[in-house]
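See the structures that follow.
After this come two complexes, each holding subunit A, first together with subunit B and then together with subunit C.
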Partner chain A sequence: MIGTASKLRDIKAINPWQRLLVLAMAVFTIAPFAPLIIQSLAFRWAWPNILPTVWWFEQRQRSPFPLAWDYVFSPSSRVVEATINTLGIGITVTLLCLVICLPAARVLGQRTFRGKNQLEFLIALPLLLPEAAIGIALLMIFIALDLAGTYVGVIIVHLIPTIPYMARTLTSVYQGHGTDAEDHARVLGANRRQIFFRVTLPMILPGVIAGCLFTFLVSTNLFLLTFFIGQGHIVTLPTLLFAKISGGALDATGAGIALIASVPGVILLIFTDRFIRNYPLAE
Partner chain B sequence: MKKTKSRAKQMLLASTLAVVSWSGAVQAEDAPGMFRSEFLQGNMGWPEVTAKARAEGTVNFYYWGGSDIINLWIDQVATPALAAEGVTLNPVRITSTKDTVDVVIAELAAGRGEEEGSVDLVWVNGENFFSLKQQNALWGAFADRLPNSVNFEWDESDPRSLLNLRDFGVETGLQEMPWSGEQYVCSVNRAHVPVDQTPATFAQLKAYLEANPGKFTYVKPPHYLGNTFVQSVLYAHNPDGTGAAPYQKSFEELGGAELARLMEPGMEYLKSLEPLLLGGANGSPRYPENSDELDNLFLNSEVHFDCKFGVFANHNGLITGTYPEQAEEMIFPVGNMIKNKNYLTVPLNSPHPAAALVAINYFSSVGAQASKLQAAGMPVGLDLWRLNDEDAAEIAAAAPPHYGVTQQELDANIAPDTNASLVDVIEATWLAVIERKEDKPLADIVAQVSGELNN
Partner chain C sequence: MMRTASPAFMQNLRDVVEMTPLLVVLLGLFGGALVLGLLQSFGYAPWFGINEFPTTRYFERLWLSSDFWFSLGLTLYYAFAATLIGLVISVPLSIALSKRFKASRLFSALIRLPLMVPYTVGIALALVMLGNGGLLSRMSAGLGLIDDPSQFVQILKTHGGCGIILVYVWKQVPFMTLNLSAVLARTGDDTVEAAMVLGASSRQIFWRVTLPQIMPGIVSASLICFAFNIGAFEAPLILGGGYPDTLPVLAWRYFQDANYAFQLQGMAVVVSLALVSGLFLAAYLQGYRRFERARGRV
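Showing the complex of A and B:
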């Protein structure tokens, strides 16, 4: 995959059909952002006008209250609180998920035992259940355990849909590497700690980063489970956004919040893509 | 044992995660329920309540957070004002009040009783209040016991007290305090509809739509905005010509057969309107799911009218850019513009009941009501005739403008809400007749849906 990416960089090396496909992909990826950006700058934007009839900055002086981006950046929008919560929960979930999945994936990837296939299926099971079903059932239990409406509760519930992704990714990473290098290190006298940090981890790091990226993105986009277990106390970017778009129409502040919500993912994608591409051990 | 273990686990995780704002600290000075029974028996003066409120510190206020201007008012006006009284307002914005009602009921079911819940204060009315009342999940009859209760009419012998004592026909039992009084008002887009073509009656609306097919729709029941439209149709088509009067009775008093007889002409009208609604020409009329969707259709000129609760909805739509530039209010349907109030209530298991009472007292003050009217376009919930001239003038000065109609015209066309026990039957009948197109006598449908509702 990394190989193809580097080839694509040289756009002249591919034939026109492929070029068209790349263009189509780019359009599909970028196009949804265009109306979002325009909407976030609009005051009144009615069909069939291609652009808003009144822009936010035109109305700004006349408005008795902060509009559009002024509202998004005002304390009342709770964007700062939601961003901190989203990132904090996302990072914590990712780290916990990694700690849980690394040993599990090692066993699943490098050992064979009875019932292994069934176990792999079981791990994937939470992905098949609708979020709403998990959320409502868990809410009752979490209320009884004093976990409803707490960060701890939300973090625990975020682990449910993220563990399957992380476990899958790491399992295939371990499968791809085998145990040869680790065996060599052990023969040469390294202890378990040294083996893990000096041999295993550097080898699997790109896979770990990819798994973390997915976990983080899934966690930062979870609405329903966050809403049920957080009980509205814990505001994240998805819950904030949902309150704005539940009417089927997105206003300027909703569009602004949506754009902000996509920022962490975009930054992270660029960062990890660079990291993996420049990683010395990458094939 | 389990509880202490989970608590220890929480503390451990919380500290390792360096998560700050969460706190499970529970006040345990006096026995739960003591304050409630003392206050409701009248053994407690207001200074004692405010002292306890300051000790409690916080009030968790659950309210519909979909409006930027209401959010701004809460944050910029209400929160600092309550902070000055020593109470921290923690506004919890929700998308649907029903979710909060469910949380309260789930907590009570899980054994979280008095002072052990999470919700202190809810903005509520209609069915959600009815659910809380039915489940015995309300704190008590506080509404006439606060200092600012004098701003409201509680005397049952005065017919004007009705909106304070009945919420969709359900007796409030003083367990909720009026916060805002709303009216079902339609706006018209003057870019398309000249004044002389503006309908004032349902017959005129139909005539307009025959000339301009597809330019109207209403929010789909069971959304309360859709229910309200259907109710005003039923009032206007009451075969006895008594309008809203029989719809004030409960379902038991009225009886299914009588209700069906009253509804028959109104339902016929709604059926005949279907082909003229947005998308109706293709046989599939489009009913928006909520007011935001309808606002968007109105803004985009797909429809020429926008009906919803909101005495100042037109003004709010103009200052937020969600209504078209030439939107104006209209008097429609004449004499049947349903008015009701919405309320603040305290759930039985409120963890900070004294702070909740202090907050409600603040929200009921002339100053808070006037600034809410001005900044958030929310009409006052208090009763103007209870105020002295100076306070009444403050409220009058705070009111946002009307467009094309006057407040006097709006006041002259008020109709009361429908009894909550009938609302369910009417909405189920609408779903059967209009959505599922069941072709049975109306009496049978009413009997069937009311039977299902009672089981």
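Showing the complex of A and C:
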């Protein structure tokens, strides 16, 4: 018995190839950010130097602040406006999406009825249809309704890619939650509002927060639908960055804006890693 | 008896009421877009003074041009290549991340980063790394391989699309890995352990045990990524080789044209795009069902 046991490999042991793969992918993921940061702090960085020949702090008598960042934080770059828009739209979309999906998720997660599979497919459909096709077709409707280029229009259109994630997360939350606690509360005489706010909501809160964080993330990262429906009037961080790099070149200010556009994601990455183990996406 | 509805009926009514907002939003946005898109592509646009409904001439003009087929080919090529490369990386990566190693949480968090940032950031990174004045070009000069930026191998702005595919892969490997990791965590190690006890080699375990187990995750992740890649717009626009563009960019160019009549042509592009995407996804799902049936799982 001992002989066989020692011949068996440790099931959780990592082999050198796997170690190499993880390391290589970490480098592939993170390394490209290095030149982005360097570029935003460079004063002169001519080809073919790997590092800038003149850093901004060597020129600080000329500009007390890195030039790129000075521009990024000045009103003319519209970064502040774009950040406010991105966060505002993200929060509104998240709350709206939650209000729409929470009741539906209870039905989908706890009730059985005919056509449920088809309904779940319909809800997943926005993920399976090309975003450009949806965006362009909707743009025509929104122009007719005078919603193109307005906050309302952009917020409505952000619901399309966020609803599938939110609905899916909340459905599985309700599935796992069951109805026992609610039944007890009802027997004890609680009314429907009390049951929801005192019993259900506290119990499903972790799942709700996970769904909200991811919805917010999808919304803040959305480019195409904002660009099509916003018609250039609504500037968010992704569209601002797009305008900066659409010519196919990246200057120091573009690098700064790209870094700013990554900030919400980095914050959420730290936040979700600490507080949430199960990602709503991963199902 | 008539005045008090039965509890079952009330419960059903409540279900319907609670489903309604979601259905209204989805059907309103989707149904509206679908109906209007179809109508327009068949020549219905009274607001531009065009009403030739039903005409197939926009589709005819589109499908008879060789540029359309080139665009379609490009779109499918980028989408296929990126999805396939993404899978080839994500499957072993998710298995590796399920193992025990030092700082495993830090590494899995680092690898998730691209999932959290916009695509446009990925494009900016591609420009700063892969462009002719980019870091790789500078490094080649440092190694003495080239002595002018123009000699650097053209990675961006070509129809070969290495830049586009790399951005997709960079952005989607975390998504696929996360999906697969969740499936792996759910299945657990029991079957792998059993296979090991029965004397299976690592290769046998991978092909006969792990891979079939994570197949549902592979299918759903690659479906979503493929569909996204077919409809992607900004990466081909900035990093692509220009005319003829991928279909989403082509449709956008028609829409930006000062001549309104071109919008109907653009809508024909959009409908074709949705059609192609739908056909591929349906074929994929069909193939997957057959695979599962052959294994006796369904």
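One rule holds for everything that comes next: the second predicted complex is superposed on the first by the 214 of 283 C-alpha atoms of A that agree within 3 Å, B and C clash if a C-alpha of one lies under 4 Å from a C-alpha of the other, contacts with A are read in each partner's own complex, and residues count from 1 in each chain.
In the analysis below, contacts are C-beta pairs under 8 Å (C-beta built on N, C-alpha and C of every residue); 3 or more make two chains touch, one makes a residue touch a chain.
Given the structure is predicted, the values throughout are model-derived calculations rather than measurements.
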Max touched-residue count on subunit A (subunit B vs subunit C) belongs to chain C
Practice task
Could you tell me if A:Leu21 is touching subunit B, subunit C, both of them or neither one (first, second, both, neither)?
Solution key: second
**OP:** Based on the superposed arrangement, let me know which partner A:Thr92 touches: subunit B (first), subunit C (second), both, or neither?
**Re:** first
### Message
Taking the superposition on A as described, I'd like to know which of subunit B and subunit C A:Ile123 touches: first, second, both or neither.
### Response
second
- Query: Of the two partner chains, subunit B (first) and subunit C (second), which one does A:Phe242 touch, if any: first, second, both, or neither?
  - Reply: both
Inset, instruction - Pick one for A:Ala255: touches subunit B only (first), subunit C only (second), both, or neither. - result: second
- Task: With the two complexes superposed on chain A, say which partner A:Gln231 touches: subunit B (first), subunit C (second), both, or neither.
- Result: first
Between subunit B (first) and subunit C (second), which does A:Leu139 come into contact with in this model arrangement: first, second, both, or neither? both
- prompt: Between subunit B (first) and subunit C (second), which does A:Tyr151 come into contact with in this model arrangement: first, second, both, or neither?
  reply: first
Request  = Name the contact category of A:Ile100: first (subunit B only), second (subunit C only), both, or neither.
outcome  = second
The shared contact residues of subunit A with subunit B and subunit C are 47, 139-140, 144, 242, 246, 248-249
Listed in rising order, subunit B residues that touch subunit A in their complex are 2-3, 6-7, 9-10, 13-14, 17, 19, 22, 24, 60, 62, 65-66, 68-69, 71-72, 74-76, 92-95, 99-100, 103, 106-107, 109-112, 118, 288-293, 295-296, 299-302, 319-322, 324-325, 375
Within their complex, subunit C touches subunit A through residues 15, 17-19, 21-23, 25-26, 29-30, 32-34, 36-37, 40, 47, 89, 92-93, 95-97, 99-101, 105, 107, 109-121, 123-129, 131, 133-135, 137-139, 141-142, 149, 156-157, 170, 173-175, 178-179, 181-182, 189, 192-193, 196-197, 223-224, 227-228, 230-234, 237-239, 247-248, 251-252, 255, 263, 266-267, 270-271, 273-274, 277-278, 281
In the complex, subunit A touches subunit C at residues 4, 8-9, 11-14, 18-19, 21-23, 25-26, 28-30, 32-33, 35-36, 39, 47-50, 99-101, 103-104, 106-108, 111, 113, 119, 122-123, 125-134, 136-141, 144, 156-157, 159-160, 163, 167, 217, 220-224, 227-228, 237-239, 241-242, 245-246, 248-250, 254-255, 258, 261-262, 264-266, 268-270, 273, 278-279, 281-283
In the complex, subunit A touches subunit B at residues 42-47, 53-54, 59, 63-67, 71, 74-78, 88, 92, 139-140, 143-152, 155, 231-233, 235, 242-244, 246-249, 251-253
